[in-house]
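The structure that follows is given in the form of structure tokens.
We call the chains A, B, C, D and E, going by the order they appear; numbering starts again at 1 in every chain.
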Amino acid sequence: MFRKKSKALVAMSIIMSALIMVSGCGASKPAATPTGDAESKEPIKIGFLGAKTGDVAIYGLNTLKGLNMAVEELNKEGVLGRQIQLVEEDNAGQKDQAINITNKLISQDKVVAIVGDPTTGITRVAGTIANSKKTVIMSAGSTGPDVVEIGPYVFRDTLLDTIAAPATMKYVIEEKGWKNVALITSKNNDYSVGLSKIFSKSIVDNGGKVVIEEFIQDKDTDFSGQITKIKAANPDVIVFSGYYTEGALIMKKAREVGIKAVMVGGDGLQGDDLMKIGGADVEGSISYAGFSPEQPTPDTEKFINAFKAKYNNELPDLFAAQGYDALMLIAKAIKEAKSADPEKFKDTLAQTKNYEGVSGTITFQEGREPIKSPVYLLEVKGGKFTLLKKVPVEVK
Amino acid sequence: MSLLTLNNVTIRFGGLTAVDTVNLEVKQGEILALIGPNGAGKSTMFNLITSIYQPTEGTITLEGKSLVGVATHKIADMGITRTFQTIRLFTELSVLDNVKIGCHCRGKAGLLQALTRLPGMKREEAEIEEKAIKSLEFLDLASKRDEMAKNLSYGEQRRLEIARALVSKPKILLLDEPAAGMNPQEKVVLMEMIRRIRDTGITVFLVEHDMKLVMGISERIAVLDYGKLIAEGTPLEVRSNKAVIEAYLGSGKFKSRIRR
Amino acid sequence: MPILNNLMQQLVNGLALGSIYALIALGYTMVYGIIGMINFAYGEIFMFGAYAGLVLALTNYVNVYVALLGATVITMVLGVVIERVAYKPLRRSSRLSALISAIGVSIFLSSLMVRMKGPNTRGFPKLFENRIFEIGDFQITIYQIVIIGVAGLLMLGLHLFVSYTKMGRAMRACSQDRDAASLMGVNIDRVISVTFAIGSGLAGAAGVLAGIYFNAVQPYMGLLAGLKAFAAAVLGGIGSIPGAMIGGLMIGLTEILGITVNLSQYKDAFAFTILILVLLFKPSGIMGRKANKKV
Amino acid sequence: MKKLLNNWIVQVLLFLSVLALTALSTSIIQDIIPPYLLMIGLFIGINLIMALGLNLITGVTGQLSLGHAAFMSIGAYASAIATVNYDLPFLIGVLIGGLAAGLIGIIIGFPTLRLTGDYLAIATLGFAEIVRVQFTNMKITNGAIGFLGIEGSTTFPIVMTIVVLTICCMVWIENSRNGRAMLAIREDEIASSAVGINTTLYKIQAFAIGSFCAGVGGALFAHTTTFIQPTDFGFLKSVDILSIVVLGGLGSIPGTIIGAIVLTSAPEILRPLANYRMIVYGLLLVVIMIFRPYGLLGGVNLRQAVRRALMIPKKKQAGRGE
Amino acid sequence: MLKLEKVDVSYGSIKALHGISLEVTTGEIVALIGANGAGKSTTLRTISGLLKPSNKESKITFKEKQIQGISPHKIVEMGLSHVPEGRRVFPDMSVYENLLMGAHSRKGKPDQADFDRVYHHFPRLKERIKQLAGTLSGGEQQMLAMGRALMARPSLLILDEPSMGLAPMLVEEIFHIIEDINVAGTTILLVEQNAHLALEISNRAYVLETGEIVLEGMAKDLAKNEDIRKSYLGE
């Protein structure tokens, strides 16, 4: 009995090895020449990692629009005499697919940098791989903790919640006088859990008070229980740290039972669906963002006009602007380092100070965490986000 | 001498008394048949003995040890195995595996042995295989050992069920309508097999409707009607028992009101 | 009495939510009663109903009742088609095959909807103006009245249908003894189709009600709602129509109760904890009949 | 020669050398093939380990579980806590992950395995939801934010060696007294207890081993992605693993292997289908069930089929082709 | 009225009936007797469409129409009612509802005459009209099963073991009712293991053994036939 089986085992391991060999051979296409080489006239490849399908597709698609703008602009003159080529892959918002794609981009497509997924979770996973493979990755949207700490190749160009959330709370409590806060967290959303911590600290710091703390979950649709409790607590303002979909639904339910307070939240509320779903019920909601097309600087205005021309009069959003800036930052570093070798230009990139991007002024601190100025406070008015206030951030 | 003893056994389902104060002894080494019209409670008796049902009243003992309340799977361990009225084979498994599974209660190997495959375990496996093949040979199924059980003919399936019950060398073998669905030739073969089983020292207790078979092989016959034991004795005695004839052929009391 | 008041308020919330679960649970229970299979795709039929309601509501001529009726009819057809295509060929196979087929249908339907309407949550238009009725300190919205009312009416209608019509009687007969029913001249295939139609119609109606009440529809909304409704059906005793109603209301109320006692983050666990406990101590559910072991 | 091969020590050595060969060959391969494909291979391996576990529960013992992802998550978190918080070596972490999942499997198994069929399915499903909610709300798991800073210690050779080990164990179990008892339970519980099989015991055994495999898979998964969140282990993950088992053929180890390869690489292969991918996937499940209700290799005696195909090609094939 | 020609039936690979041929003419009571497992119930289940013949040559003719392979509900509509073995009443329905189910195959509502006919034969059912069928005694359930079948106004009633599990007194009562039903104009095909009873009541009978008809003839003649005794008592 055993003899047969051990034979089978050997056979199996051979078959398996063969299978893997075959799949390996099938994939070894004519490999691209190493791109770090300054002599090369091959295009410099930049990878795009993000969702083009799935439930977070909207972020990825908008980031991609900004990226394409940047590629077009850079290729007019070239970078180090070379063209920029974008390699796009869709991770559908799935972590395991993101791992596969990051590996593919680095090993198969030989990209020098990846403009990364706007979500924190996937950025962490992809960042770990990119850092170990010495490829620069820049997230155009992640705001959670423990991202750039992964290593010297990991960057992001976003407005951090740790800066924006306190500024927002200061405005809400001091200027609006809304001291009694109902704080709602989406418990299965990492962004929301992290942001709520910052919110609740800055509410207290600014002399406010959390009169009721409630929890929901992403994809929940029934909020009647929580809203009933919030109504009983009678807050001045509802602070919600999650995304726009749930935000809109919460406000609809709140208005339904007669709550008058408005909602304040983070950049997770930025999304046209907030108004599409929420309609009149989200009127007056306040959120912050690292970008606003209103009151633009001359550079930003140029970008907005070009964007509108290219995309059918659509206004760029936060993700488009940050995607654009991310690639521009990388290109600038490559130019300054006079090398497309990530090992070299990552240091130049880390030195960036007061870069005037279309989404604001960007400075990388020590440890590559960005400081962006200003914080744009936006308010929903007439079904649109309109600029409420620009709060400048001081670089220490 | 008495191997299995049923003492005042009664079981009620809701309002229905399926088995009613039955007293019965199964003696060492005999072939005992339990007969009776449909719905008389025969299969229920087997289910009581194998602890699938628990009696409402009364006791069942095997060599003095009570079977009431014992987990069903321990009954085989104690030496009672059975076949079922509606064949219950492991249909997707091979004939050999079916019989090997019948050996389960005589094996010891556990998970650790399965994973270490120490010589002791392999010896046990070899023993099980040997026993299983012997049992298949005994029931004339050895040539079908690699077939899937569901691909056997009806008669073969009935025999396979017996082989499975027999392989653990039980003290008592319970056969629930072993001849049902068999053709006359198969029945003759079956009778011979049951006799040979008894000759190896295994007591046979069977429920059967085929009177030729029952009369042909049983030493004693017990007759159940409406859950009550109405007769007990040798085939000759039972055949001439008035109560039995009435139970089977009808009393003859019924007279048609219409002249035909 | 603010606490009592709050509790009353939450009770109404739970009742509204529970009504929606109960409507979906009815579909599970009816199908299980008759062909003994779990139609895992009910959650997705519920979702399709919600979208059908949405599409209808976006055309200008439609009021709430037309949307409800339209969605019900569409999901009825959908349910019957699913049964014919994906389940009927498997009626004699193992339960597992049928279950996997149902899971396949459920993945198919939700992905199809993503394809058709996009992955994002869509707001549900207001089909009528909101009004709040104050009864002392305690208030109820017109939405809640409509949800509970319509759900109640549908359940009453189903009860009357099953109890007093010829088809209803045939359905009950099938669930008690399918062979005997066919000997009475009952066309089993037709009964199964009608069962799927009614069950799916109820799920579709529940979809529209959920759309109105939650203000939102979303391609994946069926999954969790379906699971909870299934839990409700099992809780009440699968196969039992009053059981499904009681189970649905119980799950809805427990969830809201969880929120009331400051355990909102555990609310999804509540439904399933209760379910498991009930299964362990009364495996046939609250209203279920104990099955006899046959040998 | 035959005698030599029957010696236990020789067999152990043979087995160890197979493992060593796997480890060696895979570590050579891993330098040759591109990381992208390597990673797909790695995920195939991880899914296969978990699917083999579920195959033992559902395919062999016939107990439908819809909560496999829960055991995967228990393994993932337990191993991550072990390696990160307690600095234990990676392989010990994997073992702890497996043991934790197996232990919980036993604890859950005792009450729930009294349930049968659909009831068991829904109970395991409910249990998985409870576990997920629990992990979302625990401090040590860092809730929804996710568990960070796990070393990416999982390598292709390690996964493949564990795969081979798992396959061996599964083959051995299936061909032992235990395995036969489990198969018997799947086929007919009443007949099983009539031949003396303690059905509860073997069901729990299958459940424990299956959960152990899920835990090991989860541990390997955690040390691949380096970062885990409760949302990674939802109901659909359980369905994914179940689909592997069912598609390949319930109870068939070669079937499970094929299922794991096909379904894990499917998202990559079906990439051109982009948005239609899941639609096709759903349809595929339905179609396979209708035409092969027992899965691709279900009911096919592979050894017999191959033998017949090679030697007596004219004879009708055994199997379920009705 | 009913004619079976060379009917074969198999369960999977197992053959249960081997070319059965039998005939029932209008107005008679025909009995099908034989030991358990001989294939009596299988024959009846095949006639009423619950089972399908396994052979293309098998023919079942009812009222000059071929009915093999037709769904049971269509056969009921043609006027053939089958009272299955073990009664199979709907336990969670009232007696009244069970009777209504019996009339399911007919268009429109059953009229009072139908109920009166059932009450005439089974006065006991009238007393229990609101009771759940599951709570009736065995004999009452048998009456209900028969009454239920009568609601379809069948021209042919087939009965499977009406005496099973009933006390002798009840058996007599039931059999007298069967006669009454026949006198009132319903043809009857009866399966019964109690041979005396069956032969006493019927005009003609067939004896079934392991899926084959081994004897047939007038009931009076068969009652005297020693072979019957043998096939029952194994003499």
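Assume a contact is a pair of C-beta atoms (placed from the backbone, for glycine too) under 8 Å apart; a residue touches a chain by one contact, two chains touch by 3 or more.
Please read all numbers here as calculations on a predicted model, not as lab measurements.
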item	value
Minimal step count in the chain contact network, chain D to chain E	2
Longest centre-to-centre distance from chain B, chain (CA-based)	A
Pair joined by the larger number of C-beta contacts - C-E, B-E	B-E
Separation of chain C from chain D, taking each centre as the mean of its C-alpha atoms, in whole Å	33
Averaged-CA centre spacing for the pair chain C and chain B, given as whole angstrom	48
Length of the line joining the C-alpha centres of chain A and chain C, rounded to whole Å	38
Centre distance in Å when chain A and chain E are each reduced to the mean of their C-alpha atoms	76
Set of chain A residues in contact with two or more other chains	1-2, 53, 187
Multi-chain contact sites of chain B, meaning residues that touch two or more partners	52, 84, 117, 125, 151
Per-residue overlap in chain C, given as positions that touch at least 2 other chains	265, 268, 295
Chain B contact footprint on chain E (complex, rising order)	12-16, 35-37, 137-138, 161, 164-165, 167-168, 171-172, 175-176, 179, 183, 193-198, 200-201, 203, 210, 219-220, 229-235
In the complex, chain C residues that touch chain E	166, 169-170, 172-173, 176-177, 179-188, 289
Contacting residues of chain D [partner chain A, same complex]	2, 5-6, 11, 14-15, 18, 21-22, 25-26, 29, 32-41, 43, 136-137, 143-146, 148-149, 152, 160, 164, 167-168, 171, 175, 224-227, 229-232, 267-268, 271, 274-275
Residues of chain C touching chain A in the complex	2, 6, 9-10, 13-14, 16-17, 119-123, 130, 132, 139, 141, 143, 210, 213-216, 218, 220-221, 224, 255-256, 258-260, 264-265, 267-268
Parts of chain C lying in touch with chain D, wherever the complex brings them together	32, 38, 85-86, 89-90, 93-101, 103-112, 114-115, 223, 227, 230-231, 234, 238, 265-266, 268-269, 271-273, 275-276, 279-280, 283, 295
